[in-house]
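Each of the next two complexes has chain A plus one more chain, namely chain B in the first and chain C in the second.
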Partner chain A sequence: MEAVLFFLAAIGALGGAIGVVALQNPFYSVLALIAHLFSLAVLFLMLTSAFVAAAQVVVYAGAVMVLYVFVVAYVGGGGEPVGRDLPNQRFLAILVAGILFVELSAAVLSSALLALGTHGPDVKPGFGDPAAIGRLLLEKFLLPFEASSLVLLIAAVGAIVLAGRKRETA
Partner chain B sequence: MNIEWYIVLSSLLFATGAVGIVIRRSPMVILLCLELMLNAGNLALVAFSREVGNQQGQVFALVVMVIAACEVVVGLGLIVAIFRRKLSLDVDDLSRLRG
Partner chain C sequence: MLSIADTTFVEATWIMIAKSLVIFAIIFGILPILTVVERKLIGRFQHRYGPNRVGPYGLMQPLADVGKLISKESFRPENAVSTLFILGPLLPVLSGVLALAILPWGNVQDGVGLYGIDVPIGILYFFAVGSIAFYGLLLGGWSSGSKYSLLGAMRSAAQLISYEVSMGLALLGVIMMSGSLSLVDIVEAQNKIWFFIPQFVGFLIFMLAGFAETNRTPFDMPEADAELVQGFMTEYGGMRFGSFLLVEYMEILVVSGIAAAMFLGGWMGPGPGFLDPVWMLAKMFALVFIFIWVRATLPRLRYDQLMSLGWKVLLPLATLNVLVTAVLVVVT
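Here is the complex of A and B:
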C-alpha cells in the first residue's frame, strides 16, 4: 500500500517536473509545477512531516503560485522565444543532467549512512506536527526564524522597488 | 518505503530542474525550474530528517521554503521591470552584464 502511494506520488512529482521543463506555454508550466508541489506534499506526509506538507500546499501551491499566475497573465504567455541554440544543446543538457543524477545518487547511496536502507527509526505520534515544529522554531531556532522573517521583509521591499512605477516628480 | 528511494527521487528531480535551466530561455520558466531544484533539496532534507529521526531537518526545509519565496518575489519583480521597459524576455538578449 505504502509502495503504491509512493510510486503514484513519485510519478506525479516527476511528471510535473518534466511538464515544467517541456511545456512551451509558461502558463501550463505553472500548472505543472502546482501538480508537482501537491505530489511532493504527499511525499512529505509519507515522511511524517505534516507541517511541512501543509505549508507546502498552503504557502507554496496556494500563494506563491498565484503570484506566478498573475505575472504570467500580466506579461502574457506567448511561446518560447526562438533562439540560437548551441549545436546539440538539448542532447548535451540531458546528457549532463543524467551524469549529475548518477553522480548524486552514487554519492548518497555509497555513503556510510547506515539508516538509508531502512524506514528510519520509529517515531512518536507527534513527530513533525505543527506543535513540535513550532516549539523547535521558537526555542532552538529562534534566531534563524527571525532572520528569515527579515529576509522576507527585505524581499518584499525589494520587489516593490524593482517593479513599482517610478514617480514623475523625483 | 526505504529512505534511499526518496533520495534517488530527489536527485532525479534536481537533475530535471537542471535540464530546464539549461535548455529554456524564458526567464519565467527558468525561475520555475529553480523552484524544482529547491524543492528537490527540500525533499532530501525531509527524507534525511526522517532517517535520523529528529525534526530539525524539517525546520531547514521550512527555511528553504522562505528563501524560495523571496527568490520568487525578487525574480518576478525583475521580470515585471524588464517587461515594463519593453525589453525582450529572452535570457540570450539580456546579456549586457556578461563578463
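Here is the complex of A and C:
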C-alpha cells in the first residue's frame, strides 16, 4: 500500500517536473507544476508531516499557482518564444546540469543510501503535527523565521512601489 | 498507515468504510432536497409559490431536473480542450466530497467516532481540499474556448484568492481560543459558550467570505448572468453543468457545516447522545437558510466593490480580530 502510493506520488512528481520544462504551451506547464506540487504534498504526507503537506497544498497549489494560472490564462501564450537564447546556452545548460548531478549524487551516495537497509528513524508521536512545527518555528528557529518574514515583507513592499511607479509614468 | 488518519484513536477499517458510505449517502440525499428548498423559499420571499407541480408540494422537482440534465446531450464547443473540459466539473465534486470527511457529527460514541476523520491538521484540511475546487472552475472556464467562460473563470480566481485570506484569518480567533486545529476538539471547547458570541466578528467575516467562496449572491460575480451569461459554466450542458450546480450546494453545506462546528457549538445540544448528528444538521440547515435568505434579499455587488470589500474591509477587520483575540487569550 505504502509502496504503491510512494511510486504513484513519485511518478507524479517527476512527470510533473518534466512536464513543466518539456511542454510548449505555458498553460500546460503551469498545470504540470500543479500536479508536481500535489504529488510532493502526498510524499510529505507519507513522511508523517501532515502539516507541511497541508501548507504545501494551501500555499503553493492553492495560492501561488492560482496567480500563475491567472497570469498565463490572461496573457495567453504559446507561439512567441520566451526570450532570446544566451550565447552557448546549450553548453552552459549541460555544464550546470552536470554539476548539479554530481553534487546530488555525492549527497545521495554519501549519506542517504546508507539508510536503505535500515528501518528508518523512529518517529515520535506528535512529530510533524502543527504544535511541533509551531514550537520549532517560534522557539528554536525564531530568528531565521522572523528574518525570512522580514525579507518577504520587503519583497511585498517593493512590488507595490514598483507597480505604483509604472503607473505614474504611463 | 498514513499520518493524516487519526493517530490517537484507531477504528476498524470496515467501520471507517461504513462511516464514509453513510455520510456520503446522507449528504447526497440532502443535496436534491436543498435545490427544491431553495427554489421554494425564494418563491416565498418573492411572493410566489415556487415549484409545486411535480409530486406533493413540488418535492419531486429535483428528480425531474436531474432526469432532464442526465438525458441531455453532453455538448462540447468545437474549440474546447476536451480532456480539461471534462476534468473541469470533476475536480469541484472531488473537493466537495473530500471536505465532507472532516465535518464532525458527534464525538466518539460506543467506539465509533461520529465523523469521517479527525485529522490533527483539522481545519487546514478544509482549505487544502478547497483549493482543488478552484482549479475545476478555472480549467472549465479556460478550456471552454469562450470569452465569457474565461472572464468568469478569471473573476472567480481573483475572488477566491481574495476571500480565502479573510476566511482563514476569521477562523484564527476560534483556533486560538480553543487551542486546537481539530474540529472535534474545537466543538468540545465550546462546552461552556459557543464561539459565536466571543468571536462574533469572526463569524460575520467567515460567513461573508463563505458567500464569496461559494459564488453566492451578493458575490456571484463569476456567473453574473447579466454580464457573463453564466460565467465559467456558460459552455457546459447536461450533467456536466449539473455537477457544477450540485457542487455549489455541496459547498454551501460544507461551509455551513464548518461554520456550525467552529462557531455554533457543532453537535452540542440538549437531549441524549444519539441526537448529536441531528443538532449538527439542524444548525447547518439554519445557516443554509441564511444563505438562501441573503440570495433573495441582496443585489449583486459591482466587481470593484467586491474587491475593495474583500481587501479593504474584511481583511483589516479579520486581522484586527486576530490581534485582539490574541491579546485577550494571553491576558486571561
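The rule is short, and it goes like this: the second predicted complex is superposed on the first by the 127 of 170 C-alpha atoms of A that agree within 3 Å, B and C clash if a C-alpha of one lies under 4 Å from a C-alpha of the other, contacts with A are read in each partner's own complex, and residues count from 1 in each chain.
Definition applied: contacts are C-beta pairs under 8 Å (C-beta built on N, C-alpha and C of every residue); 3 or more make two chains touch, one makes a residue touch a chain.
The structure displayed is predicted, hence computed values, not measured ones.
Once the two complexes are overlaid on the shared chain, A:M46 sits against chain B and chain C alike. When the two complexes are overlaid on their common chain A, residue A:H36 makes contact with chain B while staying clear of chain C. Of the two partner chains placed by the overlay, chain B and chain C both lie in contact with A:Y74.
Annotation for chain A, partner touching more residues between chain B and chain C: B.
In the superposition on chain A, A:S105 makes contact with chain B only, not with chain C. In the overlay built on the shared chain, the residue A:V57 is in contact with chain C alone; chain B does not reach it.
Look at A:G128: by the touch rule set out above, it reaches both chain B and chain C. By the touch criterion defined above, A:V4 reaches neither chain B nor chain C. Of the two partner chains, neither chain B nor chain C is touched by A:L143. When the shared chain is aligned, chain C comes close enough to touch A:V66, but chain B does not.
Overlaid on A, the two complexes show chain B and chain C touching the same residues of chain A, namely 46, 48-49, 51, 55, 63, 67, 74, 128.
The touching residues of chain A, counted against chain B in their complex, run 2-3, 6, 10, 13-14, 17-18, 20-21, 26, 29-30, 33, 36-37, 40, 43-44, 46-49, 51-52, 55-56, 59-60, 63-64, 67-68, 71-72, 74-75, 80-81, 83-84, 89-90, 93-94, 96-98, 100-101, 104-105, 108-109, 113, 115-121, 123, 127-128, 132-133, 136-137, 140-141, 144, 148, 151-152, 154-156, 158-163. Those residues of chain A that touch chain C in the shared complex are 5, 27, 31, 34, 41, 45-46, 48-51, 53-55, 57-58, 61-63, 66-67, 69-70, 73-74, 125, 128-130. Only residues 2-4, 7, 119-121, 124-125, 127-128, 130-131, 134-135, 138-139, 142, 150, 153-154, 157-158, 160-161, 164, 181 of chain C touch chain A when the two sit together in their complex. Residues 1-9, 11-20, 22-26, 28-29, 32-33, 35-36, 39, 42-43, 46-47, 49-53, 55-56, 58-59, 61-63, 65-74, 76-81, 83-84, 88-90, 92-93 of chain B touch chain A in their complex.
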